[in-house]
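Each of the next two complexes has subunit A plus one more chain, namely subunit B in the first and subunit C in the second.
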Partner chain A sequence: MGILEWVFIGGLRAYHSAMGHDDGDGIGPVAPGGPSHGPSFSRRNLLKGVAIAGVGLGVGAGVPGTAGAAKSKFPIGASAKKSTPTQITLWHSMTENNLTTLQKITNAFNSSQPHVKVNLLNQNSYTDTQTAYTTALSGGQSKLPDLVQWESELIQLLIDSQSVVPVSQAIAADHYSLSDFVPSMLNFFRVRGTLWALPFNISSQVLYYDENALTKAGLDPSNPPATLTALKKACQKIVSTATAKYGMSLKLDQTNFEQWMALGGQTLVNKNNGRSGRATKVTFDNALGKYLVQWWATMLKGNLAQATAASGTGGYDNLLAIGSGIAPITIDTSAALGTILTVLQSGQYPNVKLGVGRLPVPGSKPNKHGGVYVGGAGMYIVKKSTPATMDAAWQFLKYLVAPTQQATWALGTGYVPVRKSAIRIPALAQAWASVPQYKVAYDQILASPVNAATAGYVTGAASQVDTDLQDALTAISNGTPPNRALAQAAASANSAIQSYNERV
Partner chain B sequence: MREASLGYLMILPAVAAFGIFSFYPLVKTAYLGFFLAPPTPNLPSKYVGFQQYSSVLGSSQFADDVGRTALFVAFTVPLGIILGLALANLAQKHIRGIRLFRTIFSSTVATSVAVASTIFFTLLNPQIGLLSYAFGKEGGNGILNNPHWALPAVALVTIWQNLGFTFILMSAALQSLPQDVLEASMVDGASSFTRLRQITLPLLSPILFFAVVIGVISGFQAFGQIDLLTQGGPNHASLVLIYDIYQQAFQFNNPGYAAVLSIALFFMLMILTFVQFWFFQRRVSYANG
Partner chain C sequence: MPTADHARRRRIWRKTIRYAVLIVAAAVVLFPVYITVVDALLSPQQITHRPPFLYPPSPHWSSFATAFSQGNLGVYLRNSAIMTLAIVAFELVTSVLAAYAFVFLRFPGRKVLFFVTLATLMVPGEATIIPNYQTINTFGLLNTFPALILPFVASGIGIFLFRQAFMGFPSEVRDAASLDGCGHLKFLFRIVVPINRPVIGAFGLFAFLGAWNQYLWPLVVTQSNSVRTVQIGLRQLSGVSFSQFDVLFAGTVIAAAPIAILLVLFQRQLVAGLTAGAVKG
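Here is the complex of A and B:
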């Protein structure tokens, strides 16, 4: 027991030092081959190509309408007209390797042109960004940043603050093409026809497993479970062959439930997931929701799965359990992959051969209307009275999401590029060819159809809805009947949504 | 007259400090409770009068919060004082190395809430925690994620962390006891239990009173250990009043709701302190001779 603990603690330490602090979607990933892969052909040419490709589609196809908010003219080119550089500030939540890579891209931008100078301000976590931003809102415009990296699921709160300019305004004024963006990513940031932000750091939930353990249990590691039915069978096999104590670890994280709803083509809240109007109640307490919590309960009851903590130090227990052989399968964010590979490369767990698969879909076959929705964060332009800073923010944002920068970003961090052409940039293409696990999350997001369910849910009370769902999963793991736990979560989330809607 | 104005002038700094940092926020908080607060502070609030007070204070969540807070105080205060007194009693003995023990017993005074919580978080971790093994709770979900054990576990950490302070308090009190009274009782043939009950405890009553009042107030305001260990979970099992205030104000962006809870907490503590004063005034003996 003593030795085992030390091994665990060693692993935990390695994870901690590699992952840095919680950056909101869990984990700060690490590059596969170091952060310094230079692109081998010109960014400008590529951009030109993209722009030409975009012309055919026109503004109407790619841009989410000029409806409503897009009426006022965005001050394109205002920063270039000034004789002195326009200083802007970006509030972000990136730490460790993510921070280094963001700084590198920003430095390159600052030295590439004379008009805009970007200052980064690290708020350390999405929660801290939210607190700082909310506080700054009461102090007037001057306290606010010019660009803010904001946790994806809190989008409605930022819209309701009336402090950001939808990027669709800048896109319309600049005739900027969106055709190269991964459609389901834009889908997430579009609310009531308006595109509010551009995706920047994007991740999604994937299946992690130890190939050796699957082989030992008589399963095919090259063909991981693709459905929840298959996942359950695989876990049964792992347990019945005594390959491991548990088939898998299930993190007590509502994200899995939410993604499964989307994969099953179902919304979580009404008004088309809050996309066509302000959501007034939840819809997750439907047949699919009940199926999911039943499945969850069955997995835990039969020791097919162990429940592990969603966050904090215990938030890595599901990954550690793969290393220790207690439970060889789990589900976690793709943003963790870089860190996991680094830990494995250190030789700490020589018996583990890591496999990555798509997030299994509910039931026994995929739903053609279903797909994952994205996690991570978007970049928002803050509403300011000076045209120059707003334009400067837009110029920098364009740079951040350009294919070359997105390739650099994906290489340095493990996040998924938001541009389709980024994966053809040699440095990234080579890195992905040598470590194919990195491509799984991207392929999964790319395969996601564009509809309300796969857009993800939007409500100002998202933090509470998440907490309520997480409470339900915790309750089930402690023996509460699944349907009752789900009904409680729905009731509590409904009153939270109602309270939010009254206040806004 | 001149003397009076000089007096007022002298207390002015204190009044100003209290006014700015205590009274003004208090009044402002009570005022905030009359408004439905918008999710971000740049938007207008809606005046609703006492409606928010009545709906929040009448909710079952508030009643549950208060129940859990009371339970938490009931766990931490008596046990903490008993343990502190017991340790202080042990440390009165003149044996070799007693200074070392006194240092160890009082050491948690120098331990911050964050450090204490992190130590116990690791000890209670279901995969690597020694305490989890000791309690036979290893693997799976863990003690801190168990709705029956989360609050007692947080209480345990709190007791441990406060033990150093209680120990020092009780040691000082024990050392200041008049020896002649104790010796007289020994001559009279009182057993050690009788001595404790009839002489030591009554003589200690002022310090016990102080420890209870401080313990209750700090129990009602325990935040750090809950934030670090359980975040009010699982399923609200450790959601005490102060943590609900924090969640409402900073996580759910509902400062109006939080203001109502804060005012409720203020009045509860005020009333409790009055009751304690009233109760102990009749029983505490300050007379030493």
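Here is the complex of A and C:
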């Protein structure tokens, strides 16, 4: 991640200088969206430039309820005033079923109204989207897409690029209601009071297990372990009854650690998880963090759990271990559920009966301030030069997150809907009634209270912090004392955060 | 003659050991390639089966057709071919001309220029992406074939390699040729290039490999599928899930096939050319 992050910062710098020179003297080619006005977007002149573009920076522009204070200038309705359709582009990272469903929704939108035509561009993965976006920034606003699907945890990078308009501006100008959205999902995309994106494809970590194996070990499959203490006991029982070689597979994925911190009601970085100000250091090396790495080490040491790879070719090993009966429990993203069910339906693992449970909480009882935060991605409106494209992006975004489309999206992909009323739409309601496993991730996110811990952490160095935590988990699985591994991760993450903050 | 017999036996032994080591090494290198082909011919269920299948019990070839249609590989392969052939052609011409100048012409700043050329080898490609992007953007060439090709029309490695090879050329021949009224271009293309064909061929192959396998640059300068290349198409296929692993493997085989064919055809030239470049000079 080091190089990419470096490139990103490089991109920011290049972008600022490019906006000050290339576009300013009109050498740059004119994009279909129209010429960019605004003589200079350099950091120093940012406020001035923004005023010229008629955009407004939006710091402090709140969400409805708190809004009204800042009179937003988001050009609502600009695309409908034009005689020709406004063309906009969405950069996304969806493949296979997800892509098919996104294309279907987009086609429906294009034919439903005459004002906006949306083109999809597949950038393959979140990482590649980041690289392509960063590079395009250096070419000026006109090279950017109008909407971008951006991995949730990289939110601060996009905010710092100063290239997106917070959706709270559009929301305020359009008097758009957020009351039907799942609160903890919005919570994630809100930084320092500003809502930057709308959640689009949302997933969550859940517990996967083979009900038959649990029954065999004398456990109740309808009542899966809800705490880490219970999970450990269940694994002990699976091993002691020789039901399987290991109790469970633990993916060497820092996401689990991060979610457990949130479930325990604790932040990962200071300044309220980076929500009230720019985070300056990590907080995950506290008592809960130490408990978590200790738990992790105990599970691996006693053969209660096997460690499996977080990604790459071994990324499915934890799921395959359920199939082969080596380890009947694991934790993975709810986005994998569709794939798992497809494989099970193929009849390859006739002895497996899949159960899905909520992610177990740390300790032996739930914390009332704790809850999971969302994974997946949000949709951001890019700050473009013409009011029509910005408005067109907002119109399409509203369509994407409307209850009907969210029901279609959830049905086609396995992501959870971002709207509460979407689950009452008959097609989705019926599907979830027949496959109740799909509903677990949604219920879990819905149950999450709204506070700093459950908002998830925000820092521009998020990918480095992730890597440090993942290194710690890997080191523990190789025998490093857990507290030492955690302290190392904290030290390394602190310097990454510090160096990011110095560069921005 | 016991000593001769002894020596012969020792030679045979040495050869046997050498081949045994080579066979093991070849197996290690080729096994992943073999498994990729096998997996392309298995069903998705068979791919995730443990223990894994080492050969396809009932090969199904449909995965190749699916990869071609679903992955849009026809267009991508064509685009890759256009980009790669253009890059190779440009790199060969510019490298040969520049190397010739460095070896046979005397001009002020020759040494400095050569060191500047060498210095370009030290800059990692990733570091040049943003400046290159800005240049291409300023020319208004984003999302076109020239955007894919222009940054690679000259190669520091090519110039260096050819210069080393040309330097082994006896200067008497050059003197004799010029006495006979042979100009620079005629001398270059009639005498220097034909003699150095192995080096030039080897470099051409490497240039082909490098260009064909490019990913990051094509990704950032293209914004529509009509100019995107096969490596991007392959990445799009690799996003598919479990249920389509066979298609992903088939796509990988298709994308790697042109390179594999070239390597087999020109393997001899490749090895000869590399050593030629290495020892002369």
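We adopt the following convention: the second predicted complex is superposed on the first by the 433 of 504 C-alpha atoms of A that agree within 3 Å, B and C clash if a C-alpha of one lies under 4 Å from a C-alpha of the other, contacts with A are read in each partner's own complex, and residues count from 1 in each chain.
Simple rule for what comes next: a contact is a pair of C-beta atoms (placed from the backbone, for glycine too) under 8 Å apart; a residue touches a chain by one contact, two chains touch by 3 or more.
Keep in mind that what you see is a predicted model, and the values were worked out from it rather than measured.
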Would you sort A:S138 into first (subunit B), second (subunit C), both or neither based on which partner it touches?
both
Touch check for A:L121: first (subunit B), second (subunit C), both, or neither?
second
Of the partners subunit B and subunit C, which touch A:A80 in the superposed model: first, second, both, neither?
neither
Given the touch rule stated above, what does A:Q348 touch, subunit B (first), subunit C (second), both, or neither?
second
Thinking of the overlay built on chain A, is A:Q306 touched by subunit B (first), by subunit C (second), by both, or by neither?
first
Given the touch rule stated above, what does A:A491 touch, subunit B (first), subunit C (second), both, or neither?
neither
Tell me which partner A:L446 touches in the superposition: subunit B (first), subunit C (second), both or neither.
neither
So in the superposed three-chain picture, is A:A429 touching just subunit B, just subunit C, both, or none of them (first/second/both/neither)?
neither
Determine, under the contact definition given at the top, whether A:D317 touches first (subunit B), second (subunit C), both, or neither.
first
Determine where on subunit A the residues touched by subunit B overlap those touched by subunit C, and list them.
131, 135, 138, 320, 324
Subunit C touches which residues of subunit A in the complex?
3, 7, 10-11, 14, 18, 22, 27-29, 89, 93-97, 121-125, 128, 131-132, 135-136, 138-140, 143, 316, 320, 323-324, 338-339, 342-343, 346, 348
For the subunit B and subunit A complex, residues of the former touching the latter:
36-43, 46, 121-122, 125-128, 130, 133, 139-142, 144-147, 233-236, 250-254, 256-257
Over in the complex, which subunit C residues touch subunit A? Could you list them?
44-45, 48-50, 126, 129-131, 133-134, 137-138, 140, 142, 216, 219-220, 223-224, 232, 235-236, 239-244
Subunit A residues touching subunit B in their complex are 1, 5, 8-9, 12, 127, 131, 134-135, 137-138, 157, 160-163, 245, 252, 306-309, 312-314, 317, 320-321, 324, 326, 460-461, 463-464, 467, 470-471, 474-475, 477-478, 496, 499-500, 502-504
